[in-house]
Amino acid sequence: MTDNRFFNRSELIGILVLAVFLVVVLPLTLDVFRLNLVAKYLTYAFVALGLVICWGYGGILSLGQGVFFGLGGYCMAMFLKLEASSVENTKIQSTPGIPDFMDWNQITSLPLLWQPFHSLTFTILAIILVPGIFALIIGTAMFKRRVGGTYFAIITQAVAAILTILIVGQQGYTGGINGMTDLRTLKGWDIRPDHAKIVLYFFEVGLLLACIMIAQFVRHSKLGRILVAMREKEDRVRFSGYSVANFKIFAFCIAAVFAAIGGAMFALNVGFMSPSFVGIVPSIEMVIYTAVGGRLSILGAVYGTLLVNFAKTSLSESFPELWLFGLGGLFITVVLAFPNGLAGIWGDYVQPRIDRLISSRKPKPEGWTDNSVADGAPAE
Amino acid sequence: MLVGQQPREFLLAVEALTVSFDGFKAVNDLSFYVDENEIRVIIGPNGAGKTTVLDLICGKTRATSGSIQFRGKELTRMKENEIVKTGVGRKFQNPSIYDDLTVFENLEISYPRGRSVFGALTFTRDAAVRDRVHEVAEMIFLQDRLNMSADLLSHGQKQWLEIGMLLIQDPDLLMLDEPVAGMSVSERAKTAELLNRIIKNRSVLVIEHDMKFVEDIAHKVTVLHQGQILSEGTMDKVKNDPKVIEVYLGH
Amino acid sequence: MSSNKSGVLMSDEANKGLLSPLRRKLLMGMAAVPAISMLPRASFAQTPATSAVNTTGLAVTDTEVTVGILHSATGTMAISETGSIEAEKLAIEQINAAGGVLGRKIKFIQEDGASDWPTFAEKAKKLLVNDKVAAIMGCWTSASRKAVLPVVEQYNGMLYYPTFYEGLEQSKNVIYTGQEATQQILAGLDWIAKEKGAKSFFFIGSDYIWPRTSNKIARKHVENVLKGKVVGEEYYPLGNTQFNSVINKIKLTKPDVIFTDVVGGSNVAFYKQLKAAGIDLSKQALLTISVTEDEIDGIGGENIAGAYACMKYFQSLDNPNNKAFVPAFKKMWGEKTVIGDVTQAAYLGPWLWKLTVEKAGSFDVDKIAAASPGVEFKGAPEGYVRIHENHHLWSKTRVGRAKLDGQFELIYETADLVEPDPFPKGYQ
Amino acid sequence: MFGDYSLGDLGSIFVMQGFAGLILFSVYVLMALGLAIIFGQMGVINMAHGEFMILGAYVTWMTSNFFQTYLPSLFSGYFFLAMILAFVASGALGMLVEWVLIRHLYKRPLDTLLATWGLSLMLQQAYRSVFGAREVGVELPQWMLGSLHVSDSIEVPINGVFVMCLTVLITVCVAYVMYKSRWGRQVRAVVQNRIMAGAVGINTEKVDRYTFGLGCGIAGVAGSAFTMIGSTGPTSGQLYIVDTFLVVVFGGAASLLGTIASAFSISQTQSTLEFFMSGSMAKVLTLLAVVGILMLRPQGLFALKVRK
C-alpha cells in the first residue's frame, strides 16, 4: 500500500517534483531579484491553495479572499511597522515612536488596538486567528442560512469593498491608501538585504509545502470526500446526517487562514502592505490563479499562480499597454476551453501518454493510481 | 401536551400538519401514525402532497403548523442532520448519489461515524467500516462495483446505491420516495426482494405508484388527495373505498 | 550581481523597437523648436571616460545612459499619468537632440506601474537592480511614491517625482519637482481671502492622505492666519460619483469659498452636479488644488468655467520657455493634447537630472544627490526653478481662472519664488 | 447641527436632500435594470456590466463630436439619438458576447463570473487603446445644463429630472416587455424550465441571445445617461459594479419590483446618512446594512416562495 493519510504514490511524486523545483531549480537559475519576485508570487499561491479547498472541493466561490490576505498581511505589517517606528527612527516626528502615518494624522499616542502588536507571539496568533474568526463569523452567518453560490460570491465581494473603504478612510490607524510602507526589521533582523530575501524565500517555500500537506490531508480525509459530495448533492449529505453548514464554514475558514499566511509572508517579503490587496480586483485575480492551475488540483494552484504571474510580469515588461488583453484572454480561454486548468490539461493529455509509456514497459494492475482503492477492496 | 401522553404507542405521530406555499396548502391538517416495524405506503394522484409529507418529516420543508413526533421527539423544530441522528433516513425520488465518488466512498460517507467536522477529519477507514460497506454492497447487488465511479452505474443501480446509503445508516424509520420508478422489470423484482429484506426490524414509509408493488409490501396504505387523507387502511380496504375510486378513476 | 552586463544589453535591445518610431516623429518635431537654442546645451566635445563618471556600475556606456520611466500605463491612474509619461519622453528627446548628457544619449526603459502600488515597488526594484538605470522618472500618487521610496533608498537610486503632494517627506534619493502642500495652498488662500474677502470655507476632498493633509494645512492657515472659519470638511471615497448630498450641505452653509481637492473621475461628477444644482461658479468662489487642464478635458470647460485653481503652471502661461514648450509637446503628442501642472513638472525631471549630472560631472547617485541643491533650470516652462537643500523646488504659486475652452487664465502669481517647506512648523 | 439655520432653510434642504436621494435612486435603478434582466432572469453574473455602460458613454461622446462637427444646428437634440445608438451598440456587443462566450456557460453560473471578468479587462484595454487613457468630456446641449429655479433656496437640476424621467420610461418599457409581451413570456418560460420551453417550440437560443442583448443595451443607455453626471474613461465602469450587484441581489434576483424597492431603500439610506456623516462612512454603513440584511434574509427583499 503506497497510500497514507497525506498522498498516494503519484501525488507524492508530484509534491517531490514541486519541492525540487522550488527548493533547487529556481534558486539555482534565478538571480535574487527574480527569486524575490517568485517569493511574492508564492504568497498568492497560499490563497490559491485555500481556494482549491474552498472553491474546487467545497464549491464555495469567495470573491473576498483579498480580505483575508489583507488581514494577515496587516497583522504582520503592524508588527513590523512598530519595530520600524522606534523613537530613534522617528525623531523627526512631532510624536516620536509611533508609525509615521499616525503622526501625519495628528494621532499622538499609539492606539489601543496596536498595543499588542509589539509582541511577535501575539502577532503570529493574530495572523491565524483574526482572519480565521472573521471567516467563521461570515461563514456562520451565511452558511447557516444557506446562502450559497452566486449570492455568497457577491456578498464576499461587498465585504471586500467595505473593508477597502474602511482601511482607506481610517488612515490614521491603517496608513490609508498608502498602506504601511518601509518595513525594515523582524526582531532586529533586517528583512531588506538580498541574503534576508533568500532566507525568507526558503522559509516561505517551507510554509507553502506545509500548507500543501495540510491541504492533502484534508483532501484525503473523509472530510475531503464530504466536500466533494456536498458540492454535488448537498441535500443528500444533509440527509446523511451531516451539518452541511459546518463543513462549508470549515472549508471557508481554512481558505481564509491560508490566505492570511500568504498575506503575512507578503508583508515580510515585499516590505509593505496596502489596501490594494484587499479589494475586489486582487480577490478575483486570485481566483483566476486557481482556475488556471485547475480548481481541483492542489499542486495546480501553485503552478497556476506562478504561470499567471510570470506571464503578467513578462507581458507588462515587454508590452506594458497590452498585458490586459493577454490576462483577459487567459481568463476566457481557461473558463471556456480548460475548465480544469493546467491540471486538466496534464491529466487529459500528458499523463495518459506517460502512463502508456510506462505500462508498455511494465504492466501494472488496473487502477493502481486510483486513490479510492486505498482500502484494499477487491478490484474488478 | 396531548401527544406527549402516548409516547410509546407509535414510532411516528404526525398531527394536524399543515404547510402552505404562498397561500396554497400543499399539506392540510394531516394526521397519521406509524407503528414500530410497520410498512406504510402513501399513494395518491400527482400533486396530492406525498413528497411534501416526506420533506416535512425529514426537515427539508418547514411546517407552517402542526407537529411531527418521532419516538416522542418533536421533529419540526430540529435541523435536518439532527433528524437523521434520531433515526430517520430518506431516499429521494431521483437517485441522489455522488457521481464523482466511487460506490465505496458513497457508502462510506453514509456510515454513521465521524459526522462532525473534526470527526470527519480524523475518520479512519478501519475494518469495521470496510466490513459494513462490503456487507451492504452485497445486499444491494453492487459488491463487484465498489471501486467504480458512481456515475457509471445504471439508473436502477443508482437507486439501489441510494437505498444502500440509507441502510448503512441503519435508520429506525426508512422513507422511500418511489423506489422502483424507472426500473426495468427484472430490476423491479430485485428491488422488491431487496426491500423485503431490509424492512425487517424497522418501520418504512414508502411513496409508490406501482400498485402491484404496493400490494406486495404494504401493511397499511394511506391515500392522500389535495394535502389531506382521503382514506387509510389495508390495501383491500382502500381499493374498495368509493372516494378513492372517484379520485383515481373519476372525471 | 555586480556587473550584470547582459541584462543591460538585453534591455537596450528591447528598447530599440519602442524608441525608433517615436524618435523619428520627434526629430521631425524638433526642427520646429527654436527655443532649444535657449536651453542650456552640453558641449559636444566633452565626453569624459565612462569609468570616471560612473563608479557604481550604472547602465552607462561611452555613448549611452539608461534611465527608467515608471508610471501607470494601465489601470485607473493611467488617466492622470499619461501626461507625465509624454512629458518625460519629450524632455529626453530634446536633451538627446541637444547633445545628451555628458556626451551620452539617454535611453529609457518604460515600466508599467499598473495603478498598483506593489507593482510600482517591484518595477522600481527591477529598474534599479536589473537594468541599473541612472535615474527613475516616475510615480504619480503619493501611495506609489511611498511604495517606491524604500526601494530607491535601499538600492541608492534617484527618483524624480512630478506630482504636487502633501509634503512630510524628504529623501536624499528623491527630487520633488512638484509643489509640496504649503507651496501650493498658502499663497492661494491668502490671495482668495484678500481678493474675495473670504471668511468661511467649505473643504471637500477625496478620502486619502493628500487631500486630508492638504486640508489640515489649509484649515490651520484659515483659522490661525486668516482668522476665518471652516464651515464644513467632507471626504468621499475615491471614484465616488454622487455629490448631491454634499452640494446640499454647501448650499446650507453658504461658504464664501469652496476649497476642493477631489481627484480623478470623481471630479467630473462633482463639477457636473455642482453646475446642475445651480451653483454658479462665477458668483460662488471655488478654489481647487486638484484640477489641471488634464482634468478639465474630462469635466468639460462649460461645467467648471469660473473656478479658481491654485497651481504653479498653466498651459496658457505667457513666457518664452512655455511658448516653445507647448508647440513642441503638441507636435509630439497631437494638437488636442493638453498640458497640466503635473505634466510640466514631469518635464522638469529629465532636465534637472541632466543639469545636475553635468554640475556633478558624474552619474553617481551620491554625487548627484549632493550636487542637486542649487541646480537652476532657466528653461522651465513655468519659468525659473531651483532645487532647494531639501530636494524640493523653489517655484511660484499661481492662481488661474478656468475658462470655457478648458484653459486657465492667469489671475495672480506670487512675486517671488516660494520656498519649499515639507515639514511646515505650526501646520502639523 | 441644525441650530444655526432658519426653518425655511431647513425645509428647503430637506426637499433638496430628498431630491438628491431620488436622483441617486434613479441612477441605481438605471444601473441595475440591465443586470436584473441578465442576472435575475438568466442567472449570468456579468462582471463586464460596467464596461457595457461605458460603451454607451463613449458612443454618446462620439455622437456629440459628430454633431458638433457636422450638424451643429441639431446639437441640442443629439442626446436622444445618442441614447438610441448607445442601446444598439451595447446591445449588439452583448449579443455577440452571448454568442461567443456566454452560451457555453449557462450550466456554470460561477464560471460566467470569471469569463466576463476577463471580458471586462479586455474591454477596458480596448477602450484605452481606441479612445486613449484620458477621460473624455461629453459636451451636453445647453438646455440640459443648469437647474430649474423653484424658490431662492430650492433648485432642481435639469439633468436630474431628465435621468428620473428616463428611468421611469425605461422601467415601464422593461416591465411591459418582460411581463406583458409575448416575448417576455417566452423569456420567463425559458428561465423557469429551459427544456420544457424548448419542447413547446420556443427557440431558447434566440431568446437567450436577445435577453442578454436587451440587458446590455439598457446598460448602454444607462451609460449614456451617466455622461451627464459622471466621468467617462476606460476604467469608469468598474466604479459601478459592486453597487449594481448589491442592488440586484438585495432586491431579490428575479424580481423587477424588488430591484426598484432595493434601489430605493439603498439610495435613501445612503443619501440620508451622507447628510449626517462623511461620504466614506455613509458608504460603509450603507453597504454594511445591505450585507447584514442579506445575511438575515438571503433571498433579498422580494422573492418568490416556491417549492423546489
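General observations
When the chains are written out, they are named A, B, C and D in that same order, and each has its own residue count from 1.
As a convention for this text, a contact is a pair of C-beta atoms (placed from the backbone, for glycine too) under 8 Å apart; a residue touches a chain by one contact, two chains touch by 3 or more.
Just so you know, these numbers come straight off a predicted model, no measurement behind them.
The minimum number of touch steps linking chain B to chain C comes to 2. The greatest centre-to-centre gap from chain D, using C-alpha centroids, is found for B.
Put simply, the chain closest to the centre of the protein, by Cα centroids, is A.
The distance from the centre of chain B to the centre of chain D, each centre being the mean of the chain's C-alpha atoms, comes to 48 Å.
Centroid to centroid, with C-alpha atoms defining each point, chain A and chain C lie 37 Å apart.
With centres defined as mean CA coordinates, chain B is found 43 Å away from chain A. Residues of chain B in contact with at least two other chains: none.
Residue positions of chain C touching 2 or more other chains, listed in rising order: 73-74, 207, 235, 237.
Multi-chain contact residues, meaning those touching two or more other chains, occur in chain A at positions 165, 168-169, 321, 324. Only residues 31-33, 36-37, 40, 92, 94, 100-101, 104-106, 165, 168-169, 171, 176-179, 181-182, 192, 194, 270-272, 274, 276-277, 313, 316-318, 320-321, 323-324 of chain A touch chain C when the two sit together in their complex. Touching chain A in their complex are the following residues of chain D: 39, 43, 45, 47, 101, 104-105, 108-111, 113-115, 117-122, 124-126, 128-129, 238, 241-242, 245-246, 249, 278, 280-281, 283-284, 287-288, 290-291, 294-296, 298.
Note for the complex: chain B touches chain A at residues 58, 60, 79-81, 84-85, 89-90, 92, 96-102, 104-106, 108-110, 112, 114-117, 120-123, 125, 130, 133-134, 144-148, 162, 165, 169.
For chain C in complex with chain D, the touching residues are 73-76, 78-79, 81-83, 207, 234-237, 239-242, 244-249, 251-252, 264-269, 272-273, 275-278, 294-303.
For chain A in complex with chain D, the residues that touch the partner chain are 61, 63, 141-142, 145-147, 149-151, 153-155, 157-159, 161-162, 165-166, 168-169, 280-281, 284, 287-288, 291, 321-322, 324-325, 327-332, 334-336, 339.
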